[in-house]
Amino acid sequence: MAAEVKPYQRVYKQSEAEEEDPRQHLMLDPRPREEMNHMVMEAMTTTSRRYWIIVGALAVAVAVLLFGAWGNMIFTGMGMAGIRRPVFWGVFIVTFVFWIGISHAGTFVSAILRVFKAEFRRPFTRAAELMTTFGLAAGALYPLIHLGRVWVFYWMIPYPNSRWLWPNFRSALVWDFLAITTYLLSSTIYLYLPLIPDVAMARDRSTGWRHTLYKLLALGFRGTEAEWTRIRKAINIFAFAIIPVMFSVHTIVSWDFASTKVVGWQSTIFGPYFIIGAILSGVSAVITILFVLRYTLKNMDYFIREEHFDALGLLVLIFSMAWAYFFYNEYLLHWYGGGTVLKQLLTLHASGPSAWVWYLMLACNVAVPWLTLWNKKLRRTPWAIFIVSILINVGMYAERYTIIPLTLGHQRFPFDWGEYTPRLTEISIALGTLCLFVLLYLLASRLIPLIPVWEVQEGQESHRLRKVGKTQVPSVSELE
Amino acid sequence: MDKVIALTKRPAFRIGVGLVLLVLLAGAGGGLYLTQTPPPQPIQFPHNLHVGIGAQCQYCHPGVAWGPTAGLPSISKCWGCHQQVQKKSPELEKLAAYVSRNEAVPWVPVAIQPDFVHFNHRPHVAAGVACESCHGDISKMTVAEPQPRQNMGWCLDCHKTMAPENFTRLSDCSICHY
Amino acid sequence: MTQKYTRREFIKLSGLTAAAAAVLTGCGPASRYVVRRPYTDMPEYQQTGLSTYFATTCRECPAGCGLIVRTHEGRAIKVEGNPAHPVNRGKVCSRGLTAVQGLYNPDRITGPLQNGSEISWDQAVAQVSEALKADPQGVAFFLGLAPDHLFDLVSELTAALGAPPPVRYGAYGMFDARRTLTEAAKLTFGVPSMPFFDLGESDFILSFGANFLETWVSPLAYARGLSQMRRGKNNARGRLVVIEPRQSVTSGTADLWLAPAPGTEALVAAALANLVAARLGLSLPDDLASVDPKEAAAAAGIAFEKLQEVAAGFASARAPLALPGGSALAHANGLAAARAVLVLNALVKNLGRPGGVFLTPADPAASSFADVQDLVARMNAGKIHTLFIHGVNPVFELPAALGFAAALKKVPQVVSFASFPDETAALSTLVLPDHTLLESWGYQRTLAGADREAYSAAQPVVVPLHNTRAAADVLLSAARQLPTLAAALPYADEVEFLQARLLPLLESRKGFYDAPEILTFWSQWLQYGGWWPQRAGLEAPIVAELYAAAAPLTPPAPLASGELHFYTYPTQLGDGSGANRPWLQETPDPMTTVMWNSWVEIHPETAAKLGIHDDDVVKIVSASGEIEAVAYLYPAIRPDTVAVPFGQGHSALGRYAEGRGANPAALLPLSVNESGDLSFGDTRVSVQPTGQRRPLSRMENRHGVYDHAE
Amino acid sequence: MAEVTEEKMKWGMAIDLDVCTGCNACVTACAMENNIPFTGEDESGYGRGLHWIRIQRYWHGDYPEIKPDYSPMLCQQCGNAPCEPVCPVFAAVHSEEEQINLQVYNRCIGTRYCANNCPYLSRVFNWFDYEIPEPMAYYLNPSVTVRRRGVMEKCTFCVQRIHAGQEQAKAEGRPVQDGDIVPACAQACPTDAIIFGDLSDPQSRVSQMARSQRSFRQLEELGTEPRVIYLKGGGQYGG
């Protein structure tokens, strides 16, 4: 078992070794500016045959699994999915919530850690922000996919029309629609602002179409002091502004459920519970992505180091505990205060035909991180923490699955209880959006600098090793 | 990628794209125009002439007084007058042919609502709405012509201006949609 | 001359029309032929966009309920009940409602067929006329159960021809054991009549297996009676006690359900008669008095205290009433059971009183199963050269052991008048499709569902959809080609025959409307949907031979090991002819909520013993045959009994019926009781799991429905 | 012609469970009146039948004292309906005039949110375009829109009949009387267990039944203000 406590000495030795070599910290391992620029440019421009095969395969997968299945469903009917009375929402909404959850990664890692000046964030803010945007892009498809008549989706948009009709602003779905579009817009801007200096760097080091593209994106950024001041200010404003948007988005997603009359959904704790769950899954997904980047992209082992996995692993552990707290809170109060139907429902979650989903959720979200992530060595073992991060996202998917179809299936009239089985179409569409996400990420990895070079350099410049007595102590100077 | 960019700069490409857009636009415009033109009728019935000599709408379309549909006149109703009237025009000969074959005239309905709109003539006629308010100035048409922009806002607008005191009822969705 | 009777042709101008609630629109000038007329040339009673309503008679079962059919632009839209009709008073059941799905069924036979290939009606009529010319003893008619105009016409025809009278039988008669009931009425009251039971005025109903809410005799009339009884006078709610081995809709609605072992209903009735007689201080005939109530209760597996409770309630009620139903009568001792039940009524002196038993007007008696056996014997002996079949699907409805399909092969000319390609039509040499009920003329005597003598009128509400022709017209045209018959049947067509038959009604002057001559009478007859007297009134029975010797009251033999009682009952699919109505299939069965299939009801304890789980496919084997069907663990059936609904298991009848479920007729024996009715209640079966599983399509959740906390 | 001014109606239904036999005639009647498509064995078994009214049957007790308990379940036409606020496009909307819940098929975009939020589970969804082979489509009721795939539908209290009844009364210059308007289920119900009428008229049959001591409403504790009133069965008559 991973929980087995290793001899204390070894741990001690390791921390000793860490002290011995401060250069294992990225911030204390500076390289010349030009070399770093070159490393990032190289990572961006190097493509292998394998890369194009994967991109091609993913493109086909997106076309077939996502758009093919979706198109077929549009022309045939929603019945292609396994949803039924009383489970009117199934895998589509589960996956929707999942992607919206994933999209919390970027904002959390980038904005909150930026605001709190957590230095370890520097090399992977961009990777996380990209996850936000692409996760949202994948997730935002679902409100369309799950519509029975997607061809009239624009009726949800407020615009003056000949019918004298507006959307119903009392509906949580309209809030959702507005919140997601706001978040998509603001997270894209937030991705773009810190990108400008890097794009400018790339512009100066590329030719051909890349040069044209980067010239366009860099908006004429030359790196003058005035430009730096303004971009820093803009990033700062956005970092603060996007945090409430992020909280509101997942709160509103939770209100889709919490504001209804569905037994098991009516819960005042759903807002924070969903946010914690989203951050848990988002941060785990960042670990997953960083692992993949480190081993597939050139020069990444310099930027993404064990210390980053270590720090993110700690975050995951903390959020897993917070999630457990919310889960316990919600469960306990439902158990004590809930009526007959709610008790029946909780019993069925834990012992019904789909109880394995419930146990999978608890195992992946609580047992796995608690048993592994306290261990620093494990946290610093990339493949191990990669597996844990995947398991947590499986657990979070199971959580949403429990909350949506398994709860809808057992409502107030036992006569009408119904078991839901996902069908090929919805599984295919769910996988299709995963492929879409990966495809977008793969393409983006060759189009924009995945490492915010200026941020890393800024960090390295502000870090110094100072000798205090016998030991060397890293010190950070404030730049702003 | 560079090749693609170069391709987009060639005039032939740009003209081609322009042509495709033009065709699409023309198609859309033509489709819209077609929905607004009267459909071909078996007989070029001159409404203007009949209204001109003082025939009342309800003489041939009596259904408005008691039900949802106005109805179309039977050949016996047409013939009731026209066997007395000279029949020199080719259109009247067509009518005579239908009568001699004892066949109904396959009129094509013009003023139709979609399936999910339940319109009833009777209350409108009872409330004193003139036929021209919806069907246009029939005295200037030969065959009936579709009226443009008869959409939901148009219905609601009239309901609101004509009977503001009854607007709660007249704007109830179920008045038309069920 | 002949005025034309018109219907507007259907055109696609839907969507902008709303219905008007004009009930009982007159039906235009009295006439007989329906013709298509163009949309713009409408009859004066029809307005564009407004619906027209026509009164007619339901023929989905033999009860003869009155219908009002809404038609719109020449299409039949919706079946509604005729509020004036004495049988159903504006109500209508699932079967009647789906009549339009019969009319517009995509699998109808569209024209006359000979051995599967199309022929003209002239050829068809010539063939029929040819058949009527041959030896009259070799001509046989097999008609459905409804006492309608066609039966009268055929009776006239066979009498004129010198052929044997028509056999009139069907699954309903089999399941209700109607002959046993009329025989018992003859035994007790001296009149072989189908009694009418006045449920509405009663306050204590004791039903022995009469599933009068679903299929028994006249379900709508009796359901209305139950409603009146329950709502009671001055809030005095009446009570319903049902005694039958398997819980049906009727016993589910009952205040008390007692489940006797199948075959012991006669004993229970006799025991109750003893207890009631003791309470009222009356004496009983010897054969009934010899039954010991305690022993009878033990034999039936019912607590004696329960019987005492029922007897006390029955004896002390203001207007008690006992009903003899099919599942009690379809046993070897069925006649004794029926008599015991009628004696129960006689004991409490409810004969001819409100809330009691009445005699219905003399009704041509339906045939018994023994008569059908006789017909089959003649077919097998090669004595029949032409068999006409109308309104019944014997290959499907009769027990497979009877061998009707095999016997059909021995008949050179089998003429089927079926509207749908059913199992019998598939084996017929000549198929001459009749109109469906919404396209045809006719009348029907209403069967024991009305508190007065009533004739129900049928008229076409739409133009015949296909190249079909009324069976009566076919027979009349054929008869006209034979000089002997032409004189005996001097009717030009079906309508003339109907009018001739209605003349006595007009002359009796008993109806609620009067007319100087037949055409005026005819138009009112069509407008009101029939003829009946203004006031209720039926003959009161007189106990002629209460103490006469009766049928023996032998209890059934005990079950052998591994044996179970077998029970079958008609559902909303009726005699099976409803199986091609998709909405009848999709309407859940009231008790099991199963749709689109048949099932085997097994008590959960029995199933556990046999190793059978819910939705397992099981094999049921009787002495006569075997079927496979899906198990439904049914908590409201005796543990020693299994039940299979009747109506599914078609091998023909179109896309909605074919290859669905199982036909329990394969299991039924050929034994008959004293009155000649099939004693299918005595069937014994064994049940084995097959190891397969096939979830039934049901509306209920399999786990949620048992004693949930409210 | 003077139009009769109408009072605000509150359509309501009373279902007397004491005389309801669970026969399902209402289910068929509703389907035939409202153009409800049939879905076939597999689909209906998978909870995709489009029954606007269904009869819930629970079992009470154990053999031999077992008894089914029927409860016809249909849209309760809530005064405070959970389905209405959640619809993003006002397809599920309250009729101020008739005081019923409307489902506007041509506005519905098929989010199915209303169906999740209906505590009575009385909404059904058109999972497909259901094929009705020729000529069976001839019996379709022209007064009721035929729904296409992807829209929600539910019991309308036969609003087409309500409008027809009002229209008829108006044309005849008289107020609507109790019993003029009958939905298909109540019309068919063999035991008259279903009574329909105006709850705002204290003299109407439905109002009288609603005042019965046996009356209760389904899931009343949710505050949905159902307009369908149930009368307890099993002989539990109040004093």
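Here the chain labels run A, B, C and D in written order, and each chain numbers its own residues starting at 1.
Definition applied: contacts are C-beta pairs under 8 Å (C-beta built on N, C-alpha and C of every residue); 3 or more make two chains touch, one makes a residue touch a chain.
Predicted, not measured: the structure shown is a model, and the values here were computed from it.
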item: Between B-D and A-C, the pair joined by more C-beta contacts; value: B-D
item: Chain whose Cα mean lies nearest the overall Cα mean; value: D
item: Approximate Å spacing (C-alpha centroids) for the pair chain A, chain C; value: 67
item: Approximate Å spacing (C-alpha centroids) for the pair chain B, chain D; value: 36
item: Inter-chain centre distance, chain B versus chain C - centres from mean C-alpha coordinates, in Å; value: 52
item: Centre-of-Cα separation between chain D and chain C, whole angstrom; value: 31
item: Overlap residues in chain B, where contacts from two or more other chains coincide; value: 66, 114-116, 118, 120
item: Numbers and ranges of chain C residues touching at least 2 other chains; value: 14-15, 17-18, 20, 699-700, 705, 708
item: Overlap residues in chain D, where contacts from two or more other chains coincide; value: 56-58, 90, 107, 143, 145, 160, 163, 167
item: Chain C residues touching chain A - in the complex, by the definition given at the top; value: 699-701, 703-705, 708-709
item: Chain B residues within the chain A interface of the complex; value: 1-2, 5, 149, 151-154, 156
item: List of chain D residues in touch with chain A within their complex; value: 43, 46-48, 56-58, 73, 82, 85-90, 107-113, 115-117, 119-121, 123-129, 149-152, 219, 222, 224
item: Of all residues in chain D, those that touch chain B in their complex; value: 1, 3, 6, 90, 93, 95-98, 100, 102, 104-107, 143-146, 156, 159-160, 163, 167, 170-171
item: Contact set on chain B toward chain D in their complex; value: 66, 114-116, 118, 120, 122-123, 126-127, 168-169, 172-175, 177-178
